[in-house]
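Next up, some structures in structure tokens.
Each of the two complexes below includes chain A, the first together with chain B, the second together with chain C.
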Partner chain A sequence: MDTSFDITLNTAVYAPFAFAIIIAVLWKAIGSKTAAAIAALSSGVSFVSALAACWGFYKLGSNMAMFAPAEQLYMLPQLCLSGVSAPMLFLAATVSLAATIYSLSLDIKNAKLYFVLLLVMQGGLCGAFTSANVLWMYMFHEFALVPTFIAMVIWGSAGKRMAAMQMAIYLTLGALVSLVGIIAVYAVTGAAGFNMEAISAAVVSKPVSQYWQYYIFAMLMFGLGTLVSLFPFYTWAPRTYACAPTAFAMLHAGVLKKFGLFMLIQFAIPVLPLGCADWSHTMAVLALFNVIYIGFVTMAQRDVKLMVSYSSVGHMGMCFLGLATMSVLGVGGAIIMMFGHGLSVALMLMLSNIVVNRTNQWDMMKMGGLYKRTPVLAGFFIAGTMATVGLPMFANFWGELAILTSLWSFSPAICALGATGLIFSAVYGLRAVARIFMGVPSGELSKNISSIADISGAERVAASVLVAVLILAGTCPGLITKPADVLLKSFPAYNQGK
Partner chain B sequence: MQSLNLLLLLPLLSAAIIVLFLRRSKWLGAILSTASAAACFAVAVSILLGDSANSVFKSSLALFALGDFTFNVGLFYDSLTANMIFVVCGVGLLIHVYSIGYMDDDPAKGRFFAGMSFFMFSMTGIVLASNLFMMFVYWELVGFCSYALIAHYADTEVAREASKKAFIVNRVGDFGFLLGIIFCYATFGTTDFCELASIFWSFPDKASTFMGLLILCGFLGKSAQFPLQVWLSDAMAGPTPVSALIHAATMVAAGVFMMTRLSHIGFLTGEVLAVVLILCSLMAFCAGLWALGQNDIKKILAYSTLAHLGMMGAGIGLGAGLAMFHLTTHAFFKATLFLVAGSIIHACHHQQDIFKMGGIFKRMPVTSIVALVATLSIIAVPFFAGNYSKEAILATAFAKASQTGSALYDTAFALLICAAFLTPVYMGRLFFNVFLGRPHSKEAEEASESGLFMTVPLVILSVYSLGGAWGFVGGFSWLDGKFSGLLPAASTSFVGSFLAENAQYIHKAAGYDVFEWVALLVTLAGIAFACLVYGRAGGSDPVEGKMPALYKVLNKHGWFDDLYDWYVAKVQQRIAIFLATFADLFFIELLCVRGSGIVGAVVGQGVKKLHDCSANSQVKWMVAGVVLVFVLIFA
Partner chain C sequence: METLYSFDWASVKMEAALVIFAVLALLSAVALPRRFQTSVSALAFVGMYLALILACVFADRLMYCAYGCLIVICALLTSQMSFSFFDKLGRSGQSRNEYIAVVMMSAAGLILFGNTDNMMVAFVALECATICLYIMAAFSKDCASSLEAGVKYLIVGGFSGALMLMGIAFMYGAGRIEGVDFMYMGNFSAGLLNGFFKTGLVLVFAGVFFKIAAFPFQFWAPDVYQGAPTPSSAFFAVASKIAGVVFLAKICAYLNFNSADLLSVKEDVVLTLSVIAGATIIVGNLGGITQMRTKRLLAFSGISNAGYLLVLIAALLAEPSSAYAFNTVLIFYLGAYMMANYALFIAVGQFPEANQTAQTLSDYRGSFKKHPVVSLALSVNLASLAGIPPTSGFFAKLMVLVLAWYAQLYWLLGIMVAGSVVSIYYYFSWIRSMAEPEDKTPCQFAPTAAAKQTIVLLAICVLAISAAVLVFAGAQ
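Coming up: the complex of A and B.
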């Protein structure tokens, strides 16, 4: 790889940390406006660099290596891109940009701390997906996780303590179990380090016995599954997203949550294919609970933010279904789905927060008729809903299509049950649009409807960024699938099924 | 043939420009959208009159590939496409022009015309799709357009519920449709129409009934047939041009188009065709009855659309060309009728009750004459377009019934004859009450003829309602054979060649000459019945007055809505609330998660108590430990 790739990839990951340190060092000297400007600059720099790095990687076409390493920067952890990490890095950078821009429109107490935490989280997210070393992936993941917890306690809404506590316990436990799994892989294979390529090489020369694969994969599946809210370890997710400050919720639900899936796709399944094959039916059944059971639960929600949060839990089931097939098509579909869902859920969390702030009302039954006052907001909300529902031209559709297509060869019955997700998401998604924006304002809202303003400038830019990338990926899914295809084909684990 | 791409790009571009820049414009959006529709029509006509109009064209472009799976974005053009593309672009353009007049006082014109352009893009996409996956993509997009345009008057309760209902009911159908497509891909490794055709033409046994039935779900949703018909009558909450374009002439006919395409390549087995035939014949009959229980002019027409879609569906079951023939003529006369309804509603300040109209003939002569032509066409008066297509379907049903003697065709024929009798009855009821007699409301008294934007498309459409079928049956070719009747010859060849073949089959059927008279008599009987019952145009429904129980049965249209409402409110929502409260909050959240937290806390408290740090307890613990070690060593 050339130097521009080295520079851009390192910048994408380390710039947010560097800018966070700058804000911390200049703490006394700058005001909150300046801190916000620095954060915005940082997200912009990180976004542009990530875009350049991913484009550099994409340009290689079928010459792509499995892992394209960038030169190490001093003593910092080495970074590399792969067919899965490139879209994830771009997702992280995009959602970070949108979350930061959205934060500019808010009036935040203790804003300097807020932006420092936001930047650390962004750096952690970009690093988690691009680190060449499995242990460092884990460390970066913690860098992203801890700010969420702190931010929730400081800026969260009602019920934040309980939610933060639950999230911390769940995710720490999940991460811990998967860490044990990672160490077990290292111990069993006798790899020369935690480097991704070293472990891959060790597995080839000395495959893990089926006995160990079975148990280690179970640890990784449930450990990482907890991070992705796999049934029944999902209860932390809805309340976290409803309580956390929106920018952090966007980053968590949109990006950080995909880390578990990312690790399964790039690490656990390729290293432990027999273990995955043993567990794949269990995984598929649990994922169906995510789709159907959570689908019903989502339909019953009246709180708009909880509705969006539950729906994100449901959609993770779709990704797990793709993983269960252990095929290039299914896992590739899961990658598109992760990308599309990350953008759409971030968009929906942001928009639902805007709706709640504008109306001072969380109950959708008590809203109505907003579209006359907020036509642009309504337009974005419908776009976000349609992306979640899986309308073509948005990335999510291709993910669902690929997953369901590969699922038929896995099991037609599971495919049919999984496809009910299409109906569930339409029911709750359109119900929300109808109750919030259509009809006439009800109750309290009808009195102060005239004071409600449409989406503001910063909010509009943030939403536009997310929608634009959603549509870009929705019209050119090849941008995601091409690198993914190259990587997945090179793992023997994904070439057994159809 | 590369200009086929323009048919997709122009309306898409227009929609994008309007959404991004012209949302609040007064007229620019309308002009841009109409211009793109006009350009599309010009492109379509130039293709249809071009040298390669009768050829088959196929292009393909890989959108993405994962493993063995490649998603192809392809265009496919053959004689079936040629037929549909003329209908979509032609009717589409006229309705765009009409909309300029109809939506003149609407504040959200930008949104409306963006939706119309996006619809034209998606609908053309369905027509040009070269494989089932691609068709599904556009299938979903037209569903979205339908949703967005039904919700145009989003502040009304009806529009809000109807738009949601339309999308969700269609999703239920698409669920089966998608599974069918995936099943097809898993079985044959392709969903490309040409490749499937070569498989089925060499090995007809490879067609699967189950696969066909799954695909059928998509048709039942989009074309609103049993048991997914409930959304169409509610969809009338949208602006009338939308009802005309999407919910009468083109989108709902997309299901028929898709089934014709598949039946043509041998995808559908005899069993699937039998199911389609019987379901759709039943719909043709029932919807005709239900139309008699409605007072809203648009709802009457909506049920009439259901009935005619049923008739097209029966055409699929009898022979694919019949369905396309009726689809084409229906697009002309039903679009005319909806636009007439829109013209009247516009003139009567959004009064839609037919019993509050009356005497329109004197006040809106052009609209009324157009309406008369379209009405004669729909009730199948000889020489009018509707007569040819409807009689072709009836005659084939009759011929199949008399030649095979199977109960299936007998039943279908009986149902279709009843449907043919009902059409003049409900259309007569509408026509007499709206146009004749005296006005029954102030709005109707003040009605005056609509402007040129509305009347010119109406007149053109009425010409097609009269003569739209001539090109298919008579071989009236002109302009070096490039035109056949009123349509480009390329657009008539699919149906024309089918009809020529079919005619020989029909004429061999015993008693065919009697049938021809029966068909005419049924129509006349229907007209006579309508005159007798509804001819007085007295400002109320005589059936409602004299036989309220019967009227209620008609009005309830089979209690399907009540059944589904009951399911949603009493079953689905209760399951959802039960799971959300009991299973989610109580069992998992409270009992399991918090419960394990409480267990941990209690154990922790207990252990803490044991360690009170006194010398006494420390000695006790030490002794207990020593004992334990000894036990472990020696045991």
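Coming up: the complex of A and C.
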């Protein structure tokens, strides 16, 4: 790879850390406005570099190697891009940009600490998807987790005490169980290190026995599954997203949650294909619970933020269904789905928070008729809902299409049951639009409806960024599928299915 | 005939430096008037730094030097903590210098305890250290809880000393029957089929379990840590635990189960140690959940860490082929444990009253707002104890997990993971308290400049050491 790739990839990951350190060093000298400006600058730099790095990777076309490593920056961990990590890096940078821009519109107490934590989290997210070393992926993931905890406790909304603790315990449990799985792979194969390449090489020379594959994959599936809110380990997710400050919830639900799926796709399934084959039906059944059971739960929600949070748990079920097929089509669909869902859920969390702040109501039944006062907000909200439902033109559509197509050859019954997910999301999504924006304002809202302002400038920019990338990926899905195909086809594990 | 000149002083260089300077400091503290007391403290610090320098310059036996350095750093940090402690008590510099001298004596005893190969010397060294620890526990003479802690520690310590001495007597007797010198640890493998010897070994282990607060001898720790002056609690929690663990590891490194008739003995020993390790982890972590008092919480955290360290020792016994990595992992774990614990104990000491017996987690509310940098540093240290990457505590636990996997102690590994997850609750409760806004009373947490620097420095070390590990591991 050329030097521009090295520079852009390293900048994308390490710029947020560097700017966080700058804010910490200049703590006494700068005010909260300057800190916010530094954070915005950092996100912008990271976004542009991530875009350039991903474009550099995409330009390689069919020459793409499995992993495109970047030159190591001093003694910092080495980074590399692959067909899965490139879209994830771009997702992380995009949602980070939107979350930072959105934060600019807020009046935050102790803003310097807020932006330091936000930047550390962004760096952690970008690093988690691009590290060349499995151990470092794990560590970057925790870099992102701890700031969420602190931010939830300081700036969270009601019920944050228990929600923050529940999130920390669940996610640490999941992370530790998967860490034991990673150690097991390392110990059983006798790999020379935790490098992706070292482990891949060790697996080829000394394959893991079926016995061990069964148990190790179980650890990785349930450990990483907890991070992705796989049924029945999902209870932390809705409360966390409803309580966390919105920017952190956007990053967590949109990006951090995809880390478990990313590790399964790039590490667990290629290394342990027999184990995955043993567990794939269990995984599919659990994922159906995510789709159907959580679908019903989502429909019953009256709190708009909780509804969006539950819907994200449901959509993770679709991704797991794609993984269960162990085919290039299904897993590739899961990758687009992760990308699209990351953007759409971040958008929906942001918009629902705006709605709640404007109306001082969390209950959708007590809203209504906002369309006339806030047409632009309503427009974005409908666009976000359409993306969530999976209409064409949005990235999610291609994901759901590919997943369901490949599910048919995996099991027609599971395919049929999984397809109900589309119906569920249409029902609760459109009903939310109708209850919030259509009709006439109900109850207290009708008294102060005239004081409700439309979406502000910074919020508009943040939402536009997310919608633009959603539509870009929805109209040119090849940007994601081509690199992903190259990577997935190079893993024997994904060539057994159809 | 050995003379003062022929004696190999290099083998006890750290102990000698500490004892000589402790005696000098003690004598000059008594003889010199009040205005010279600061210089006396400086003299004591010179002794401790000299011990460190000697260990680094003449690093002949790496394990001994590394272990000795850890203990001396504990003594240094405890002595540093004693300054603000005695200021708050309103007592003179003379009392403080007496205290520092006692700490140094105790450190010398602990180093010798982990240094020697001879059971009799080990016992004498341990008693020398323990008597100093009794004094340290009861040093606030006017505070009832400190005296209570002193008495409790005296009784428990006396009991464990008696157990250990009895064990040594059994070993000596077994040695006379078999015609082997069982006072020397190198001969221990020869006695593994002798019932008397094994009884003695069990008693010695039980005595050390008291010292490191392992199940079922852990009950004293929360009471003593809570009552004792905070600098002393830190020394009990870290230095005496390090010494006990290193002593156990040393005995286990000498045990050799290679012959066929010893296989069943090995299985029994590994199983017993594993059960004790698992029970210690469970008791420590479950006990920690309900604690609101910071010093008691740190005691339970210490108990669970004793459990993780016992896992490491059980792994060494079960899989001797990984012994090459064992000492490194042990010292690394102990170093990580020391740094994080001292940072927290120093923070506990930064409240207006002298004895922090009643301090709770909610006393820290509002500290993130008032002292953001120190609070962030404390969070790093708490995360290190909880084993969250990228702190050195994570790497310590990771290495223990890897060695336990190689030793095929899978169920113990499960308990360890479960224990770590449970421990998140109480460590993160502390972070949560710091992040929450203060309620009616304003936040009393008021770290001095020295304390702030030390805590931040320890947090940086916690991160820097793991960075060093990564660079080292990355180079391989």
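Convention: the second predicted complex is superposed on the first by the 498 of 498 C-alpha atoms of A that agree within 3 Å, B and C clash if a C-alpha of one lies under 4 Å from a C-alpha of the other, contacts with A are read in each partner's own complex, and residues count from 1 in each chain.
Note that a contact is a pair of C-beta atoms (placed from the backbone, for glycine too) under 8 Å apart; a residue touches a chain by one contact, two chains touch by 3 or more.
Only a predicted model underlies this, so the values are computations on that prediction, with no experimental measurement involved.
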Applying the document's definition of touching, compare chain B and chain C: which contacts more of chain A?
B
Which of chain B and chain C A:300 touches, first, second, both or neither:
first
Once the shared chain is lined up, is A:139 touching chain B (first), chain C (second), both, or neither of them?
second
Now for A:257: first (chain B), second (chain C), both, or neither, which partner does it touch?
neither
Just to be sure I read the superposition right, which of the two partners does A:333 touch: chain B = first, chain C = second, or both, or neither?
first
For A:404 in the superposed arrangement: first (chain B), second (chain C), both or neither?
first
Going by the contact rule set out at the top, does A:386 touch chain B (first), chain C (second), both, or neither?
first
Tell me which partner A:434 touches in the superposition: chain B (first), chain C (second), both or neither.
first
Doubly contacted chain A residues - partners chain C and chain B
169
Spell out the part of chain A that touches chain C in their complex, as residue ranges.
24, 27, 75, 77-78, 110, 112-113, 133, 135-136, 138-139, 142-143, 145-146, 149-150, 153-154, 161, 164-165, 168-169, 172-173, 176-177, 179-180, 183-184, 186-187, 192-193
Residue ranges of chain A in contact with chain B within the complex:
166, 169, 232, 235, 293, 296-297, 299-301, 327-329, 332-333, 369, 371-372, 375, 382, 386, 391-393, 397-398, 401-402, 404-406, 408-409, 412, 415-416, 419-420, 422-423, 426-427, 430-431, 433-434, 437-440, 476-478, 480-482, 484-485, 488-489, 494-495, 498
Show me the residue ranges of chain B that touch chain A in the complex, using the header's touch definition.
23, 62-69, 71, 133, 137-138, 140-141, 144, 147-148, 151, 154-157, 159-161, 163-164, 167-168, 171-172, 174-175, 178-179, 182-183, 185-186, 572-573, 575-577, 579-581, 583-584, 588-589, 592-593, 597
Sort out for me which residues of chain C touch chain A in the complex.
368-369, 372-373, 379, 383, 386-390, 394, 398, 401-402, 405-406, 413, 417, 420-421, 424-425, 428-429, 431-432, 435-436, 467, 470-471, 473-474, 476
